[in-house]
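Each structure below is given as structure tokens.
The same chain A turns up in both complexes below, where it pairs with chain B and then with chain C.
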Partner chain A sequence: MFPLMKAQFKKDIRSPWLVILLTIGSILFTFIFTDLHEQTETTVPIFSSEPNSREVEEKWEPLLNANQDYDFVITDELEAQTDVEDGKSEAAIRLSESDYQIIAASNTQAVQLVEDYVHSVFTKEAQLQAASGTGNVDTTREKVNGYLEEAPFQMQTESIEGGEVPEYNMQLQLLFGFTLFLAMFTIGFKVNAVTSDKVSGVWDRMILSPVSKTGMYAGHLFYSFMIGFMQIVIVLAIFNYVMDYDLGHNFGMILTVAAVFTLSMVSLAMLFTGFIKTPEQFNMIFPSVMPIVPVISGVYMPPGLISHPVLSFVADLFPLVHAIEALMDIAIFDAGWLEITMPLVLMLLIGVICMGVGVNLIERRTK
Partner chain B sequence: MIETVKLSKIFKGKKAVDEIDLYIDEGESIGLLGPNGAGKSTTISMISTLLKPTSGDVKLNGKSTIKNPGEIRRILGVVPQEIALYEELTAYENLKFFGEIYHVKKNILEQRTQEVLEMVGLKKRQKELVKTFSGGMKRRVNIAAALLHQPKVLILDEPTVGIDPQSRNHILETVRKLNEEYGTTVLYTSHYMEEVEQLCKRVYIMDHGKVVAAGSKEELLSILSSEDMIQVTLSETSERVVEKVKAINNIRRVDVTDKSLRIISKKGSSILSDLVHAVESEAIHLTNFQMEKPSLEDVFLHITGRTLRD
Partner chain C sequence: MISFLKKDLLVFWRDRKEVLISILAPILILIVLNVAFSGISIDDTDELDVRAGLVLEDDEAAAFKQFEETLREMNLAEMEINAMMDQAKTLSPSGVMVSFFEDPELSSWIHTIEMSEEEAKKQVENGELEAIIKIPAGFTHDMLSQVMLGQPADTAIRFQIAEHSFETDILASVIDHYIETLNFQLALDAVTKDEGTELVLPQGGRDVISENIVEIELAQYYTIAMSSLFALFIAATVAVKTATEKRERVFNRILLTNSSPFSYLMGKVISTFLLAWIQLMLVFIATDLMLGIFPEKLSEFWLGIIVIVTFFSLTIAGLSAIFTSLTLRMSNINTANGLFTMVVMVLAALGGNFFSLEQFPNWVQELSQWTPTGVAIDLFTEFLQNGNAISFAVPLVKQFVFFCGFFALGILLFPERGRS
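Right, the complex of A and B next:
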């Protein structure tokens, strides 16, 4: 078993590009798609038609931009109006000393949200103004903010289990999704070495040697596991420790899920191996089937969107959907071991069945 | 030592090997000669326990190996017909790997590796990747990989197919040395009769899954003792002259290649004057004339009516 693993390792050291590329790919994909998500910030042109327009604009601009969802930009009045007419912006806002006016082409929900927000800013400012009377508004603002931070009453939303209700984090799901998805390829290509050995005749040579069949399979499979797992660990560790993504409370649990996923994927690749004759066939079929898995598993979408029973049944046959579920539960909902037992067991079950059927198919083929 | 009893293999209704009986004694070098598709590789696969026979048996020292393949595997070194190596590794790394899986002791593995590299003449190039090697060099590594554990019996399946003469000579010399100097028992498969003639004391000739002739080289050649073989070269040939030659009394067979005729006639019959007459009647000159020693190729031809490379 160990000489076999050593030989595989020496082969890979000479051409490590596939694994390196897939590792970098995981990071890059997550980066690119995460970035796209952030670009949804809406830009809203603001302007004033008052004589002291400059002063008015500069007063409201920072107050409005205190929120991250919108980007309020001081714009020339004419330009703002054409932007709205052309549909470049949903709405523009005409500012005056203590009032505003929304300019929009139609009353969409997005316009409504902007309006609500702007309204709250103006109301708050009016209240502060009233409270400070003739005094300085900014001093009052600071006082109020200071007070709110240490308020005697704190409002908190709590979930049924007593924890905070966390926001579902699509970025995190994509991160896990891409990482595991690309590792699926690495694992598949490594397991494919079994077929290469069979076709080249190295397998027969090993059969004639004192190495046992179990040792031969174990060598290949354990090696594939190590490489696949290593790739996942590297990517997740980079996100967790280097790029400071919040992968939840327990990195060890995350790695455990990753290990079980890898195990289960190694088995799935063995099942594929049972159906094909040459490594080239595997290289054609495996990469064309695998990209479907994250799609039907709903990795690219918020949870609950795949409701087609057949699709979700098929997705359940692959380990990916269970791994993502467990990882998200750990990262977002602070799940404990008990809560992720089910996905872990399912992945192990897939692993055991695929391995059993796969090895049998391979052995029957050789007769 | 090793013996096959009515060994047969049927692939999808086709008899690839048909009731073969052969034996190999310790220290012998045995040739298995036959054209492509004769069933040589299938026979070897069954002897080396990689393939289960449809019927019949392979015995080692009288004991069947089918139920218990471990014992024969321990004494065998098998050089497969295809290059069974990791081409992405160097020659040295390949040999180290095969030595390790054969449980060659760590402290002597390095020395053994260098020995076999020396034997196949690749010591200087051991650090190069196998995939960069020529066909002949790959074949030499392929052989070396079967030698690390010092097998008592070496089985080689067409180890010289499609390689340069230099590599070929090297391989033949290596096998000869292993047999004569190290006492390794050799089973050598080939469709080149010269190699088998050169290396093997005893030969089995196979065709269509059957052993069609067997014995020492002399015994096999004596099959041809009733025939003479004559090679004549003509200034030109025509169908008519060939027909005329074939019609000559006591001539049994005529094969035409380019401008020469290969004639097999009854031993001691005087066909020469008839031959000259037939040729000159067509206004053709006889430019060369030669009696030839028969080879195993001729034996094969005699038995099957075909040449080995048909």
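Right, the complex of A and C next:
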């Protein structure tokens, strides 16, 4: 077993680029897509064609901007029109004293959302105007805001036990998702060395040597495990310690989940190996199937979006969904060992079954 | 060149099972996505189904009685008390909340069921309910005292959830919005001292520049995004298959025949082109037939699709030339494969194959316009939205330039004769 691992290790030392590439790749990838993927404000140009356009614009600009989703910018009428025509902005708004008109390129969902928002602002303003009668609108607004500071109707969000509900952290989910996803490729390519050895004849020579069958498999699989695990550890450690992402308080537990995930992923790759004859075939099937896994596991989306029973069932057959569940529970909800036992057991189960079937298939083929 | 093409096609034929899997994978993933997303699209709220338990701890009748007693303790005249009680009954704080959930339009997609707290908690825990809306004991009385007597109370409606999700966020924002409106009305009533003028509501209105633009559907976006992603994989797959030729020394023999790199790579390029073309067209036709993703489209639409697919397949073919030369140069096939996977992932991410880039900074979107899939996805969406009114020239020229550039690079990288 150990000489075999040493041989594999020597090969990787000679050309370490695969591991380096995928490690750096998953850091960069995760970094770019979690850091840049922050909700930015949508800019909406506003203008007025009234004679007192300046006044109208300045009246509505602060009122409209009292929110976080949109950034209303006073723009020249012509510029606003061309922006909408070219698709640079979804919509522009022509303002008048107490009314508005949306200018949009098409009837899209986004335009509807802008319109709903603008409509609510104008309606509120109209109500304030009506309520203040001949008086000053600003004093009424101040009074209303004062009243609203202690508004009668209140809603309080809490967990069922009464405590606070932790905000779900999508960025963290993507971070774990990408890290594990790219590690899946590394593991796959490493396990593929079994088939490479077979076609190059090394496998047959090893069979003739004193190395036992178990030792041969164990060497390959343990080596693949180490490389895959190392990659995950390096990436997560860099995020946790160097880039200061908050991965929860228990890094040790995260590593345990990563180790179990790697183990069951090695087995899954072994199952794939059982179905194919040459390393090229593996390279054809494995990268075609793997990108589907994070999609059905719901890694790219907030939880709750994928609720179809058949899909969840298929996703449950792969270790990724269980690993992400356990990792998120640890990082966000401060879960203890007891709470992550279920995903860990499931991953191990997948590992055992895949390994059994995979090795069996390979052995049957050799005969 | 013809013999090289024949060789490459034969190699595909020999591995037809694997080729078939890589062709069918995108169709499978699209079916999966379609099923996954069929339940969620925000404009079809009737397909959304949020379930919440309504726990009413508040006894409205008792609260009214209690409030009447409070009023009596204040030594008010009988008439005044009656007037205030009438007002209280119109206000009916927990009543307005309950009737809000019974509103037919809302209850078509937010199902609230009145139940006991214990039962509700149990159902949230085993996932039958998304949330509990609890109107706590004393809610009506506290609300009435605050609104009518100005005695501050902080009895809040409890929104209890196990964890945040898409559904709970929507539900919370719907309730929030309603509460905000109620509060605003109350504030206006409190502030106004019967000197108000008539309410003039804004007319609003929408001026749509081009009416015939159709919004692209999520399923359509995913069709192009996923099919072009898998086409990128094809470029890598074809290249990696070359490793067999290298291992079995076929490649060395080919080099000895003094064949030009051009004809060798041409074999790869043409076979990749055919494979990618067939895969893309199959995806479009199969998804349309099975899922009806492109309803009521005319032959003109399919002609456009063929043009887009053809030029995109060319780019993919060019890419496979580079990948093939790299495979021939690199000693380790797994390293080569890892490299290609990374390149494909980066290209795909920048091209917008995984998620739409709308929310990313501008420079990312600009960059996206210079990736093969980015150009194809953009052209495809524009074409779907505007029909034939758009210009195909620029994107198609871009694709062609990609092809020529990639192919030239492939020839440049092609290993020389001799031991490498």
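Everything below uses one rule, namely that the second predicted complex is superposed on the first by the 242 of 367 C-alpha atoms of A that agree within 3 Å, B and C clash if a C-alpha of one lies under 4 Å from a C-alpha of the other, contacts with A are read in each partner's own complex, and residues count from 1 in each chain.
FYI, contacts are C-beta pairs under 8 Å (C-beta built on N, C-alpha and C of every residue); 3 or more make two chains touch, one makes a residue touch a chain.
All figures in this text were calculated on a predicted structure; none of them were measured in a lab.
**Student:** Name the contact category of A:S200: first (chain B only), second (chain C only), both, or neither.
**Tutor:** both
**Student:** In the superposed arrangement, which partner chain does A:A130 touch: chain B (first), chain C (second), both, or neither?
**Tutor:** Touch partner of A:A130: chain C, not chain B.
**Student:** So, A:F189: does it touch chain B (first), chain C (second), both, or neither?
**Tutor:** Only chain C is touched by A:F189; chain B is not.
**Student:** So, A:N283: does it touch chain B (first), chain C (second), both, or neither?
**Tutor:** second
**Student:** Could you tell me if A:E115 is touching chain B, chain C, both of them or neither one (first, second, both, neither)?
**Tutor:** Touch partner of A:E115: chain C, not chain B.
**Student:** So, A:L4: does it touch chain B (first), chain C (second), both, or neither?
**Tutor:** first
**Student:** In the overlay, answer first, second, both or neither for which of chain B and chain C A:S15 touches.
**Tutor:** both
**Student:** Mind working out whether A:T43 is in touch with chain B, chain C, both or neither, as first, second, both or neither?
**Tutor:** So A:T43 meets neither chain B nor chain C here.
**Student:** Between chain C and chain B, which one touches more residues of chain A when both complexes sit on the common chain A?
**Tutor:** The partner making contact with more of chain A's residues is C.
**Student:** Touching chain B in one complex and chain C in the other: list those residues of chain A.
**Tutor:** Residues 11, 15, 200, which sit in both footprints.
**Student:** Could you please specify the touching residues of chain B with respect to chain A in the complex?
**Tutor:** Chain B reaches chain A through residues 48-52, 73-74, 76, 78, 80, 82-89, 93, 97-98, 100-103, 129, 145-146.
**Student:** For the complex, which residues does chain C have touching chain A?
**Tutor:** 15, 18-19, 21-22, 25, 28-29, 32-33, 35-36, 38-40, 42-43, 93, 121, 124-125, 132, 143, 146-147, 152, 154-168, 172, 175-176, 179, 182-184, 186-188, 190-192, 195-211, 213-215, 229-230, 233, 236-237, 240-241, 243-244, 247, 331-335, 337-339, 341-342, 345-346, 349, 354-355, 359-361, 364, 385
**Student:** Under the definition above, what is the set of chain A residues touching chain C in their complex?
**Tutor:** 11, 15, 17-18, 21-22, 25, 29, 32-33, 36-40, 84-85, 94, 98-109, 111-112, 115, 118-119, 122-124, 126-135, 140, 143-144, 147-148, 150-160, 165-168, 182, 185-186, 189-190, 192-193, 196, 199-200, 276, 278-281, 283-285, 287-289, 291-292, 295-296, 300, 302-308, 310-311, 314, 333
**Student:** State the interface residues of chain A toward chain B in the complex, per the touch definition above.
**Tutor:** Residues in contact with chain B: 2-4, 6-7, 10-11, 14-15, 200-202, 204-211, 367.
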